[in-house]
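These are the structures, in structure tokens.
Next come two complexes, and both contain chain A; in the first it sits with chain B, in the second with chain C.
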Partner chain A sequence: MGDEQESEPVIGTGNQDELIMQQQRQIEREISESTALVGELEPIVSLNSEYSNDNVYLEKIKDLSSKYKHIRRTRPDGNCFFRAFTYAMIEQMLENSNELEQFIKLIECSKMGLLRLGFPEFTVDDFYETFMDVLKRVRDIKNVNDAKKELHTLFNEQGYSDYMVVYLRLLTSGHLQRDQEFYSCFIEGGRTVVDFCHQEVEPMYKESDHIHIMAACAALETGVRVVYMDRGSSKSNIEHDLPEGTAPSVHLLYRPGHYDILYL
Partner chain B sequence: MSLKSQYNLKSPGVKRLMREACELADPTEEYFATPLEDNLFEWHFTVRGPPNTEFEDGVYHGRILLPSEYPMQPPNIILLTPNGRFEINKKICLSISGHHPESWQPSWSIRTALLALIAFMPTSAAGTIGSLEYTKEERQALAKKSKSWECTICGRICDKLSQGATSDPLTTEESSMLNHIALKAEEDSKTNDSVRHRTAGASVGEVPEAFVNSIPQSNKDRLWEMVMWVLLGMIVLLIARRFFFL
Partner chain C sequence: MPMPKPEWDPTDSADGGTLSFTASTRIKRDLRCIFNDPPAGIFVVGDESNLRIVHAIIFGVVDTPYEGGFFYFILRCPNDYPIHPPKVKLMTTNAGRVRFNPNLYKSGKVCLSILGTWEGPAWSPALQLSSLLISIQSLLCENPYFNEPGFVKEHVPGDSKRYNEYIRHETLRVAVCGMIENECHLNIPSKLREIMEKTFLEFYDQYVEIIKANIHLHGTELIDPFSKGRFVCQYKALLTRLEKIKGNLMPQSESVSKQASCSSAGDNGNEGNLT
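Let's look at the complex of A and B:
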């Protein structure tokens, strides 16, 4: 009866579409209501409750808690890598004003790079300014704890938070395009690097792969350690430093389809 | 401007729309768009039909509805002037053609959307929902008529565009975007595909009409097919019964 199923969406076109869209919005709303864009610090063992009957995962959470103290959850909306990465990086730099100043300089130069690649100035400006605005606002708060609080507040305001994500997506796309030759061999499906950027990097809510992480790290001149936790047979979690050999400044937990922030 | 007091100016989305309103404040020869006086999230626009096409003499007016998540989500365009290419009073949204319908990019803008609309007018309707396949002559007639069309809010639309002021040149990003972009009515993509197949043969006439007719037709076909199979099965059964029980 495969035929009948196929024809189903056609029968009640208007209603059916309306229903599908309603359901989609409902799901989106549920996701956004249940998880903050960037959550509070939680102990690693808080993961246990998600896997109460799953021994494979419970074993791995034990392994994880031997290395890390805390986890900070992010909203699973497809932007989680970009949001987690930017947040964790800035948060960490708040403890070291030199690093933060250097980072601000790097971002200052980054805009020209994007314009040279042909990104539209009018809108790049828009995202750049908000990104800078956030950086300067947290820099200007002398007390580190207060600065962290401000960062947390800004990252939980959809407007600012999404703008940070967009700018990092643009920087990632820019880096991929600048280093096309190298990255082209990682792209499947006969697409060019530019096509890939337009389809998988620049649009919001598109999930991140290895290649996004590599390029994002390179663009921000930093390293990240990704801890992979899945149902695989090994007892411990697999760790991956990107780019290989660099000391990671940010630690992320990857569970299939999603990234959260880890704290040593 | 009264708008300024009404919205949270700190919200990046609002700031962005204010900036776009400034950028587009002066009409160009090809397009003009401005927010409604009391609603920053609804704009009215006017575009000139692309030269050397059947839309050449036309001036087309419409609404732009901006979602609250703009620019993370694409603007919706609604055409109001009859044009023979897009249905009027129906939401059309911007997307990349083919397999990646959700690829709106936040670095695009209302200007990008209008450029895409103009560029997309002369392309084939190809049976997509919200598209009309009028003949060249019909479109030309509508283009002529469009000059006297009036919007209840904006008045005579053909006065909205400037004579001679050209718009900013396209950026490389914009021109590459225009090569990929497609406009489609807001509809489920799966449905869209099946409709495209069915109406591909229809040369003249409104797509929705053909579309509405084709649906019950195809279901009827399927029904008849099933009835035939059931009848055939029964006949076979009856024959078999003869063999075994007689």
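Let's look at the complex of A and C:
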């Protein structure tokens, strides 16, 4: 605001800053978009190529490969937790039609919960409909492998994929708001739970923290194991089950700032 | 080499690709929501030839220096709306000459975190056009001087009041007279023009009141503490301009009778020496 040039805004120094920022955003976008929204299954050792001269990480990848067979990368766009979590959860439910039916029922009821919290129906509808549409489409495919392929295709179509992410973000926000008392103590900076939801949960591209994961798990009535891999001194990776004590249905690899899906 | 238009500018028509189906249905629903439950002081029409473009007038709220002004915005929704926010431009700038607010540049740029043009809470797909317009409306506040980040205290005592005087004058000059006369030849949709003209007539007495209350400033210097620009206050000329606009807008017979009642009021009060 104070930065507006009062001289004619042709291409003076004020616009230069903006153009540099614009360029930076463009570069970030290009890097991010070169990764598929959700990638193919890859062996764990494929991670080695990212850390060829880094013994700390190579050691940890070895540890990881003793427990997990595969990794599925997701696009590092700030939505990775929500995208990875939803994908992995639906994918493993394709093996168990009862679980999937129950999940569909849970999602069916979830919209009402959001409306009760005051979300305007027409802003929620499209995301809900898309979420249900994807669930029903993969349910109606008899062959499990074909269903998995369809899920993969849909999750790599930006339109579907982003709408799935938005709906889970809304459900996560809804859960946080319903259980404000519990979650308020995890929020820093004197913000209310509702502020936090508006600022850190509902907007796309906002990265996820512990609190997002706890609330997303609670909203979908499931558990997730997060394997933390960083430059820390321990030889093995630290595992965290969220919510604590819940059997995980989804396994995620966390490297600072990013989540990918792991397969046992 | 042609310079790229700045990213925020909705009048840049080269955004490529097509509006997704979900985006187009959602824009329609956003508009319907505004028509069914119109926020006070916000008037909106969709563009006739391009679904992604929305025209909006925000009417300056009473008891602010923007009181009675017509602030015309163009909104352009991206292909994946509402995943990303619309681009927004303020068109009421007297052709890029008036900065109406620390957050509203004279280039038309709107600095607002939900538009991604400022720091703070980002856009969310759970927001909609009406919530966006209400956020913009809230920028047009009682003491806009303090909208400037870090300006919790006046740099020079009296700055906020001086800024309000400047904004009040420019609101009447640019956002009222300039908009009704369409001196900058903006392509304002006819529906919004009609609303502006009707609102102008309804609000006319209030415009006169505002000028009366500030007539002592006529001929003095107005200072914009941000640009350090200095302008001569022209309230007397503005009053004449307002009267002329009113005369042009009123159906012939009505305009005669109203003028008569106006001049009789002038006999009793001190209105005669305003012009």
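Simple rule for what comes next: the second predicted complex is superposed on the first by the 240 of 264 C-alpha atoms of A that agree within 3 Å, B and C clash if a C-alpha of one lies under 4 Å from a C-alpha of the other, contacts with A are read in each partner's own complex, and residues count from 1 in each chain.
Keep in mind that, in the parts below, a residue touches a chain if its C-beta (ideal position, glycine included) is under 8 Å from a C-beta of that chain, and two chains touch if they have at least 3 such contacts.
Keep in mind it's a predicted model, so treat the numbers as computed, not measured.
Colleague: If you stack the two complexes on chain A, which partner ends up touching A:264: first (chain B), second (chain C), both, or neither?
Modeller: After superposition on chain A, A:264 lies in contact with neither partner.
Colleague: With the two structures laid over each other on chain A, which partner does A:109 touch: chain B (first), chain C (second), both, or neither?
Modeller: Neither partner.
Colleague: In the overlay, answer first, second, both or neither for which of chain B and chain C A:170 touches.
Modeller: both
Colleague: In the superposed arrangement, does A:185 touch chain B (first), chain C (second), both or neither?
Modeller: neither
Colleague: Have a look at where A:194 lands relative to chain B and chain C in the superposition and call it first, second, both or neither.
Modeller: first
Colleague: For A:204, is the partner it touches chain B (first), chain C (second), both, or none of the two (neither)?
Modeller: In the superposition, A:204 contacts both chain B and chain C.
Colleague: Who does A:22 touch here: chain B (first), chain C (second), both, or neither?
Modeller: Touch status of A:22: second partner only.
Colleague: Which of the two partners, first being chain B and second being chain C, lies in contact with A:119: first, second, both, or neither?
Modeller: A:119 contacts both chain B and chain C.
Colleague: By the touch definition above, which chain A residues appear in both interfaces, chain B in one complex and chain C in the other?
Modeller: Touching chain B and chain C on chain A: residues 4, 6, 9, 11, 119-120, 122-124, 126-127, 130, 158-159, 162-163, 166, 170, 198-199, 202-205.
Colleague: Taking the touch rule as given, give the residues of chain C at its contact with chain A in the complex, in rising order.
Modeller: Residue positions touching the partner: 3-4, 6-7, 20, 22, 25-26, 29-30, 33, 80, 82-84, 96, 99, 102-103, 105-107, 109, 111, 118, 120-128, 147-150, 226-229.
Colleague: Quick one: in the complex, what on chain A touches chain B?
Modeller: Touching chain B: residues 3-4, 6-7, 9-11, 13, 16-17, 20-21, 118-124, 126-127, 130, 158-160, 162-163, 166, 170, 194, 198-199, 202-205 of chain A.
Colleague: For chain B, which residues are in contact with chain A within the complex?
Modeller: It comes out as residues 11-13, 15-16, 19, 23, 69, 71-72, 96, 100, 102-109, 111-112, 171-174, 176-177, 180, 187-188, 190-191, 194-195, 215, 218-219, 222.
Colleague: Could you list, by residue number, the parts of chain A that touch chain C in their complex?
Modeller: Chain A residues touching chain C: 1-2, 4, 6, 9, 11, 15, 18-19, 22, 25, 119-120, 122-124, 126-127, 130, 158-159, 162-163, 166, 169-170, 173, 198-199, 202-206.
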